[in-house]
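Which chain is which? They are A, B and C, in the order written, and residues in each are numbered from 1.
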Amino acid sequence: MSVLARSARHRRLDLLQKGVFSLTLLTTIVVCVPVAIVGGYVISHGASAISWEFLFSGPVRAGREGGFFPVVVLTMYALLLVLVFAVPIGVLCAIYLAEYAQPGRLLRLINLTIINLAGVPSIVYGLFGAALFFDVIGTQKALWVAAATLAMQALAIIITSSRESLAAVPRGIREGSLALGVSKLHTTFFIVLPQAFPGIITGSLLAVSRAAGETAPILIVGAIAATNVSLSPGAVIHDRPQMLAYELYYRITEGLGMPDDRKWGLALVLLAIVLVFNISALLLRLRIQSAGGQRRN
Amino acid sequence: MDGAMTPEETAEVEGRARPAGVPGGSPYGAAAAAETAPVVLRLEDVDVRYGATRAVEGVTMDIYRNRITALIGPSGCGKSSLLRCLNRMNDLIPHASVTGRIYLDGVDVNSTSIDPVQVRRNVGMVFQKPNPFPMSVRENIAFGPKRLGIGGRGRLNEIVEQALRSAALWDEVKDKLDTPGTALSGGQQQRLCIARVLAVEPGIILMDEPCSSLDPIATLKIEDLMRELVREYTIVVVTHNMQQAARVSDYTAFMLLTGEDGAGELIEYGSTSEIFTNPRDKRTEDYITGRFG
Amino acid sequence: MTRTAFERQLIGIQEDMLVLAGMVESAIDRSIQALKNRDVELARQVIADDLKINQKRYDTEEKCLELMATQQPLASDLRTIVSVLHITVDLERMGDHAEGIAKIALMLADQPPVKSYVDIGRMAEVAAGMLMDSLEAFKRRDTALARAVCNRDDEVDALYDQVYRELLTNMINDPRTIEQATHLTWVTHNLERIADRVTNICERVVYLVEGRIEELNVSKY
């Protein structure tokens, strides 16, 4: 038998290889298909409700007509607050953990704790946030409280992903900079951080987009705030946090007979916001990576 | 780096005179009688510990200005650890401790009152695996000077060109100064790293197995570069490659793990020609002739 | 033990050198024999064999060069190979001197001896003995023996002077002996050169062991 002839064993291995390959392909399809179906369903059912009025005017008749502009604005506003609160704090914390902290049992404990925090159910965050800000601190501004609660949740994710991005920067580059007589501070901020930037941005945007979809914290915060609130129009905007996810939940469960397509429309808007965040994260990351080697001014 | 050298020193460096060894005597401070160059680094009783393990024990030796000193020895004998003492890089390793005195131009740089960042400005280092920053060639080299406060595009460009010329890389990259440093070949990347170090004008350059990851031609180019650079700088190089140590260095120090605690000791230190033709210690002879084990 | 192949090759060139030395010793012995016994055949044999001596030297040299190029020898290995290179040169030159004696033996074969060859024979004995001992010193890396061998060169030099004076006297007394006497002077000259070369070998032995060249042949004359 020549060297190149294929034995029975080879043929079995080939078959196995093809089988595993098909399996992985199948699972990929299985994952992608529901996403496509859900997306398609939401678009097809909600597209009819989308109009200029829907997006940019206020609610009429408790939401059965008119638009959801305030809710959308508030959602974006809250997400912006989350970004402003959570990202700087999170990144600085990650820098300390990755670059300055002494390795040892304490550090490992801290890292483990933060990772666990990222997995705490969002409703617990809501409860904690409400208790902290309303009871302990005594503030009345519900929107800020909602944003702060969401920020806390996002913080854990941002810290973890930023720390990973920083740790992924090869050690050789740090040593190369330090060996030139550049201080650790400069090395961290001019060498390590820029290289970790794509990962940090991606992690942060993903964390924020996740916050866009959280109903539970809003629920709790809102429920507690609602008991203290007046019903004047201005107060409605400032004192009762209204965010899209919560709004959707509210509308779905209230049973007041809002036309279905409007509910789907809300869902579509929420989906669109999350999509925009995620795609921005991806594009930003790609742009930074391609610009990374080029001249930067 | 002040450029003043006595006529004797100049003649010696120009003529590549290998200082003759003085037979007999202690393993340390060899060839002192024939060597005219001043001592630029003096190590006294240097120990390196990582946690409870001692990696280097009791090293005492002199490094001479404008000479290439090679550290050789089997894997794990502590030569890299010793090298890293000279620019306080061991400070970066948790639980590492360096005891003993390291006098750089008379000042003990191993004391806690000396800022390691200052030391590293005067003692640069090139690593085994080339580590260019993910920036353009120009930015790589300008990084050090910029961070030290040197500004002005014109001045920086001058520095970049000067450094690249000194590193024998200018001709190859002068048309691609704004392309990424990581796009160069291995040998070019290593010369880029050398240029980067030269840009901050240290007096001493440490090299930790600089040619290990390079092909033979690139290796020879770096060796030629070393002999060029040593006219102005002092070079200490750790190498696994004995032929390289023999080709390139003026002085060679041989280290070995000894004792049950397995700490690296300095076994023999002398002029390269002596060490490689007639070493005094049998352990040196065995290592050099490959008769280990 | 690492580098076993290299070790084998290193031992190999030293053995080749010893074989060459044996060939040279034999050439010295036989050339003097041929002279004493007016043995034309033997003389011709020695002359022919010199080619083999030359060839052996070149072969050994080549092996040394190959070893240096491929194995990058250092320290004592390097000194060993360099010593072998030098010694083979000295040996080959000694072979040439023995060949010279054989040629003279051919020339004088048809004439009766003009004086006894006792002293010349003695010179040859001492020189051959020195050669044997110098190589023994090399084999055993014995510097004391090497130095002792060098001192015997004085004996050869003394004999050389003595024979020269005798031959001179003969030439003055009986001009018909001039031709033969001059040839014999050349024989002693060759023997004296052989002994000199042996001192070179001894210096190489000291170099090999101690790593430096020391002049061992400071003549008392």
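What we mean here is this: a contact is a pair of C-beta atoms (placed from the backbone, for glycine too) under 8 Å apart; a residue touches a chain by one contact, two chains touch by 3 or more.
Model, not experiment: these values are computed from the prediction.
**Student:** Which word fits how the chains touch one another: line, ring, star, complete or other?
**Tutor:** line
**Student:** Tell me which has more C-beta contacts between its two chains, B-C or A-B.
**Tutor:** Here the pair linked by more C-beta pairs in contact is A-B.
**Student:** By Cα centroids, which chain is closest to the centre of the whole protein?
**Tutor:** Nearest to the common C-alpha centre lies chain B.
**Student:** How many angstrom lie between the CA centroids of chain A and chain C, rounded to a whole number?
**Tutor:** 94
**Student:** Go ahead and note the Å separation of the Cα centroids belonging to chain B and chain C.
**Tutor:** Chain B and chain C have C-alpha centres separated by 51 Å.
**Student:** Please report how many Å separate the Cα centroid of chain A from that of chain B, as a whole number.
**Tutor:** Comparing mean C-alpha positions, chain B is 49 Å from chain A.
**Student:** Identify all positions of chain C at which a residue touches two or more other chains, and write them in rising order.
**Tutor:** none
**Student:** Would you pull the chain C residues touching chain B in the complex into a rising list?
**Tutor:** Answer in residue numbers: 1-3, 6, 72-79, 211-212.
**Student:** Could you please specify the touching residues of chain A with respect to chain B in the complex?
**Tutor:** On the chain A side, the touching residues are 102-104, 170, 172-173, 175-184, 186, 190-191, 194-195, 292-296.
**Student:** Note which residues of chain B are touching chain C in the complex, please.
**Tutor:** 23, 242-243, 246, 276-279, 284-285, 288-293
**Student:** For chain B, which residues are in contact with chain A within the complex?
**Tutor:** 87, 89, 92, 94, 117-122, 124-127, 129, 131-136, 138-139, 143-144, 147-148, 178-180, 182-183, 193, 196-197, 200, 202
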